[in-house]
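Some structures to go through are shown next.
Each of the next two complexes has chain A plus one more chain, namely chain B in the first and chain C in the second.
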Partner chain A sequence: MGKRVAVVGAGMTRFVRRAEETGKELSWIAAAAALESAGIGLDRVDAVCLGTAPDAFDGVHRKGDYLADGAGAWGKPFMRAYVGGGTGVFTPIQGWYTVASGMADVVLCVAEEKMSSCRPHPQGAFVTIFDDIIERPLEPNLLWIFALEMHRYMHAYGLEKRDIAEVAVKNKRNAVDHPAALLGQADLTVDDVLASEVLAWPVQRLDVSPISDGAVALVLASEDVAGSMTDRPVWIQGVGWNLDTTYWTNRDLVYPEYVEHAARMAYEMADVTEPRRQIHVAEPYDPFDYKELHHLEGLLLFDKGKAPEAARDGVTARDGDLPCTPSGGLLGVGNPIAAAGLMKVAELFWQLRGEAGGRQVPGTPERGVAQAWGDLMQVGTVVVLGTDGGPATTASDPPASAPPAPRATALDDAAFLAAPGAVDAAFDGSYRWDPGAAMGRFLDGLAEGVVHATVCDACGRTLVPPRAFCERCFRPTDGWAEVPATGVVETYSRCHVAWDMQPLDEPRYPAVIRLDGTSQGGFLHLLGGFTDEPTIGMRVEAVWRPPQERTGSILDIAWFRPAGEEAGS
Partner chain B sequence: MTTGRRIEGTMPVAFRYTPGVGAGAFLAGLGDRELRGSRCAACGVTYLPARAFCERCLAALAPEVRCGPEGTLVSATAVHVDVDGRSLPTPEAYVLVRFDGADTVMLLRWLGPDAARIGARAAVAWRSEHVGSILDIDGVVPVT
Partner chain C sequence: MGTRVAVVGAGWSGFTATTPGVSYKELMFAAASRAYEDAGVDPRTQVDSFVACSEDLEEGTSIFDEYVPDQLGAVQRPVHTIAADGLFGVVTGVMLIGSGVARTVAVEAHSKASDVVSLGRIDRFALDPVLNRPLGIAPVALAGLEMRALLEATGRTVEDCAEVASRNRDHARSNPRVADPPTAPPPHPLADPLTADQAAEPADGCVVLVLAAADESGTGPAPTVTIDGVGWHQDAPSLESRSWDRAVYAERACADAYRRAGIAPADVDLAEVDDRFAYKQLQHLDAAGLADLDPARVNASGGALGEGDLREANGLARALACVERLRAGDGATALALAWRGLPSSSGAAVVMRRG
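Here is the complex of A and B:
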């Protein structure tokens, strides 16, 4: 499959809460460090691939070309990739096919995020990932998605929070040995995690990775030139990526099938037939602690539901049988979105070259896998790196060299607010969204106290939310069906914070409702009118607002209450 | 049939942009009535405002070149509408000026009594009070 592609250099900034450097300057620090580590100048670079997540984080609506000079793209072919949180691992995939295709011999891959510009909280940008018509009126925040998925995962396998908190402890402890880390914590315990503030049950403060600024860069080279730059190339043996349906409330929230599909694609390319034996070190995406476990299962490194046990037994520790996130991960090093994903690939590069210093895993790992996840919880991006598979190099066991020391200057809150020359600007954009044909009829139905689904005769599915076309069969849906406004609670959360992370007076109970009569259909709504704490699997029914108060909105359903109960609060 | 409902909303974000290393040095220079640029000797390019790095070779740069205060107009325009496309009561003139010693140009207001002419000489006009931003420069005026 095309030319073999090696990673021949890597560099990164420190990850900090607020960087003095601009996004361009962070990109430059990382790019220059990667080139230095590859021992080449920018003149050797044929093309540049940039990864960066939503423009709304940096507040620059053209973030690709804005960052281009810092990424070393002056006068070169340049492209920005963006697949949400999956971007950081997708960026070297883009670099891989640019080189493997023969279009370039040397590609500089740069990933950047500067989230500190965004106020009052980056979640202000995240809220727009929810469906404007049937989700945003519920005033969701990003934590809901994670809390709902995590709760469903815990429920499916009977897990306790303690089982999951082990990951946060491991990763934040691992990060102590990372010179770029924002949140390394040597003395953190599971009890600390369990005692931290509940944000949206089961998500607590220490289950979550921090908002961060930072950048990471890699140098990729074709087999034709890699040997001229390094005696110890690390080969990109496999790449894979895959996207699940954008209707996130219709998905299996317990198992990330899209990660499995992406992993299988990468493993097949890498001739990995027994990942548990052939993968020696893993960097799964860990924006939340449970996500590492979720992803390790999707990467086929543990049986479904068995990753927590492995974490508890030390299998995933840095000195365990399968070291997972020896870098410290997003939880410990930090989570400047796209940069964090690429940091995982850089970590494999350093681990496989024996250059990871205090983070070095025991033995001589020969192959590793890095993975990221994003968009609306449905993209998996996977890269397999290994020391074997390229042409022989001329080297005879050269000594390991230390990676360039990560730089970046942290600003504390006071310095940020007092920074000379700083400019404040609101994003002065407001929108009016048209529901479209299918959702328009759905809203009309709600005004009449009816839930409408569309039906696809080809796959036989009854779809809620209704759509004009079936995304699987890629053909128009065939008709409409009324389904009852009853169902079961697929998962729920008890949320204590608003989107800007300010505490709520009363907790809210977002839930994914699986509606009766649909094909794993349903939507996001709220639970209410219960006396005992809700349970997953509980049967519920819609509480409709009085007909004269309905407006043709998802809010025409006030909430879902336990089926058969009288109207409550 | 849809009743033509519309859902309205916003993206609730605001931003605080800090100038960073390169532009920070440039803004600090304005307080001293200096136009600070940075030169990459290897590429033979002087950037104004100063930058932390050379975009051509990624070398680190220091803000040690003083440019201006005079320069040459590279282009000029008169703006008749605001950002929403509404007519302005009085047209506003803007120019691209390449200050002496710099290879790059800056966008500034034209404060001359007559229309700006490409190729004409101009000089920086400082605002009387120091505000710590690009607005320390009022614009450029003709050199007679």
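Here is the complex of A and C:
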């Protein structure tokens, strides 16, 4: 392994709904605070690593270059890495390998997101995360995939919404003690969460983290120079990352295998063999309340399906046996995507140095894990930090230095829109995607009322959506098969809002349909034509549009209805 | 540098103006399959980490890294995206191996420019939204500004640049990747003094390189091409603050790469440098200290002017050309130099040697 790498400074902005500051300015505020925390100037920085998620938020193509000077990168080696929502925890991984490889001794890691620039609603940036050929025509929104995954998780373990709402309450209460928090709420109750607006069942308003603007920065240093900056370095003991298949509808959404793989990679590097005993504080990714539970299981901190019970019993409370998200997390502090992930690593830095103030967990934590997640429910990024037996810090010790006070200026919606000099610009990009050989034949089949699959002889799978290659065997697929347009509802949601969060007159029912005759194959589509509320496990059949209306599109299937029933609407 | 890194596999696909009937996934699968076959590795078990290089708006997909693992053999493996040219991905691969977290890394970059109807409008979206975009200027105008500054500062002429374009297209005629001999478009003005014949045309293609630690005695690959030095650099992102006649990013990236390789520019006997505009080749050779290198040894592949503008895959195409030449014994020390394209002021450099 290369050089050991320490975190020697951290800083962040406030997380706000609409920041007056530009993305560059947010980056600068966080970077300057981190440098101040480390007690160094920009001249000591050898390289800059930037994490920021979709360009569509800021409305700038190649926004890494655009943000470079704000992040302190003018005149320096600079690179932007991203893995969707997992970016924030990946940014220090990028910094880690830059230092560990010997390319730099001091690296500034900056994660920024200014979501509010995206109008009319930042959710619009997520519309284009879906597959261009077979999903976007269904007009999905981001809530769909969370609702589908949450419902599957609840169904598999017989969970009630109340079990999950505990997380939202804990985290929003924890955030009261975070000076950067957007949504800390001391008196929130489970009943409040259960009474909040249903967005896409089972997701309700208070299950969700807020759209936010903000930035966070860390200073990393090699073992050769860390001692010259601080006598209390916090070491990066392990890093891990893992990306699952794009075909998210072919996975069982009940368990995040990719998080487990990333965690095992990080734990092995950190010599963590018993995570439940050796991890003292955890910052799992919590953009939705159920995700914290999902991720705690993927991080091997609780058995599958057992994290809700632990949350209910107070195990994950700040003063519990395993404090989880003492920061307040994305649900309470806010969720400027990449910045939110890095905030979790910064929280571990402060917790392990005894500098977390009112958020400080009891005892003397020596090791913590931070994790982020993203893409199409697909990526896990994990960092293990530890003090390596360095100078002991406890909650009762006065911190050697308080973290710099976070700042950023929040605007209300009217002030934001009326800001002098505000520039409106519409993205006028246009694309004509080539579906390619495999998907092209699939679409041709739909026009004929047939569902085509490809077959891999090596693993024996029958694949829908079809592909020219088997992603597991990494070889060309061997042929084609027709499969029936019938199947089972793997999970579904009742969605009440459009992509811009405006209410729908009638709810829509997105579902993952597992098709008969496939190997866990299927796709995202809509349910319709039912009289009783759908159920997971319900058998369904495709309702085809009339042949003259078909165009070779996923919309050639109008929806899926309960098998054996007459067409409805 | 610490751990010695070798290029043990190389694969490509496309390199044509359009690739109808082939999706970007299928384009990537073809290039990756060739690279793994060349390296003799099974990506499912023998590649430790994967680096893909792309930008969302080039693809028309937010968070494009979602769509890369399957066709690279990277499902449930460490994969991340570098939002930059593919040569930055090579730098990343070198760092991953140097850190010890990986022994073998696959690096990918591609262009499916033919999927993008409005390439120019997407480039324009890279301009500062407050100061520059409202002016309504096309990004290619920045190339005109830069070219004029370069000619003014160095005494070079438009004809010198035209000679570069002509020579590179001639070089491409002996490049087996270039199916049809490139012809220069009519020299209609783009942004004076830049004309269309001196600009590369968009093309589709994908390049995958497989890198591996070269210091595992007995079990490691027998390197024929090693990566001895890397550098990457960001100059002023704002138009108002940057140098217009010099490629400062390239000067510093090359200086770092030479320093890490322990060589001087005079040691380089083969160069593949970004030439999306003919003047950029001259500017980049100045930055690399290679202005006097035999023109026959510069972009012998034809460069982007000959092979086509592969967008974020341009740098990887330059590296691929170096690997092929070094493997063939046509040179001992090569420099690959990438620029991120308009309107950026960042670049990366990689020094490679025949082992």
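Quick note on the criterion: the second predicted complex is superposed on the first by the 558 of 569 C-alpha atoms of A that agree within 3 Å, B and C clash if a C-alpha of one lies under 4 Å from a C-alpha of the other, contacts with A are read in each partner's own complex, and residues count from 1 in each chain.
One rule holds for everything that comes next: contacts are C-beta pairs under 8 Å (C-beta built on N, C-alpha and C of every residue); 3 or more make two chains touch, one makes a residue touch a chain.
Values in this document were obtained by computation on a predicted structure and should not be read as measured data.
*Asks:* For A:C324 in the superposed arrangement: first (chain B), second (chain C), both or neither?
*Replies:* A:C324 contacts neither chain B nor chain C.
*Asks:* Identify the partner contact of A:D434: answer first if only chain B is touched, second if only chain C is, both if each is, neither if none is.
*Replies:* Touch status of A:D434: both partners.
*Asks:* Of the partners chain B and chain C, which touch A:L300 in the superposed model: first, second, both, neither?
*Replies:* In the superposition, A:L300 touches no partner, neither chain B nor chain C.
*Asks:* On the A-aligned overlay, A:D65 touches which partner chain: chain B = first, chain C = second, or both, or neither?
*Replies:* second
*Asks:* Please indicate which partner A:D43 is in contact with in the superposed arrangement: first for chain B, second for chain C, both, or neither.
*Replies:* Once the two structures are laid over each other on A, A:D43 reaches chain B alone.
*Asks:* After superposition on the shared chain, which partner residues are touched by A:I279: those of chain B (first), chain C (second), both, or neither?
*Replies:* Neither: A:I279 stays clear of chain B and chain C.
*Asks:* Quick one: classify A:A125 as touching chain B (first), chain C (second), both or neither.
*Replies:* In the superposed model, A:A125 contacts both chain B and chain C.
*Asks:* Report for A:A34: first if it touches chain B alone, second if chain C alone, otherwise both or neither.
*Replies:* After superposition on chain A, A:A34 lies in contact with neither partner.
*Asks:* I'd like to know which partner A:A56 touches here: chain B for first, chain C for second, both or neither.
*Replies:* In the superposition, A:A56 contacts both chain B and chain C.
*Asks:* Chain A residues in contact: does chain B have more, or chain C?
*Replies:* C
*Asks:* Which residues of chain A are in contact with chain B in one complex and with chain C in the other?
*Replies:* The answer is residues 22, 56, 59, 69, 74-75, 125, 127-128, 132, 421, 423, 425, 427, 429-437, 440 of chain A.
*Asks:* Using the touch definition up top, name the residues of chain A that touch chain C in the complex.
*Replies:* 1-2, 22, 48, 53-56, 59-62, 64-69, 73-85, 90, 94, 96-98, 100-103, 125-129, 131-132, 239-247, 257-258, 261-262, 265, 269, 374-376, 378-379, 421, 423, 425, 427-440, 467-469, 471-474
*Asks:* Under the touch definition given earlier, write down the residues of chain A that touch chain B in their complex.
*Replies:* 20-22, 24-25, 28, 31-32, 35, 41-43, 56, 59, 69-70, 72, 74-75, 117-120, 122, 124-125, 127-128, 132-133, 136-137, 409, 411, 416-417, 419-427, 429-437, 440-441, 443-444, 499-500, 551-553
*Asks:* Under the definition above, what is the set of chain C residues touching chain A in their complex?
*Replies:* Residue list for chain C touching chain A: 1-3, 19-26, 29, 33, 36, 42-44, 55-57, 60-63, 65-71, 73-84, 88, 91-92, 94-101, 112, 114-118, 121-123, 125-126, 128-130, 133-134, 230-238, 241, 252, 256, 340, 344-346.
*Asks:* Would you mind writing out the residues of chain B in touch with chain A in their complex?
*Replies:* Within the complex, chain B contacts chain A at residues 1-24, 27-28, 52-53, 55-58, 60, 132-133.
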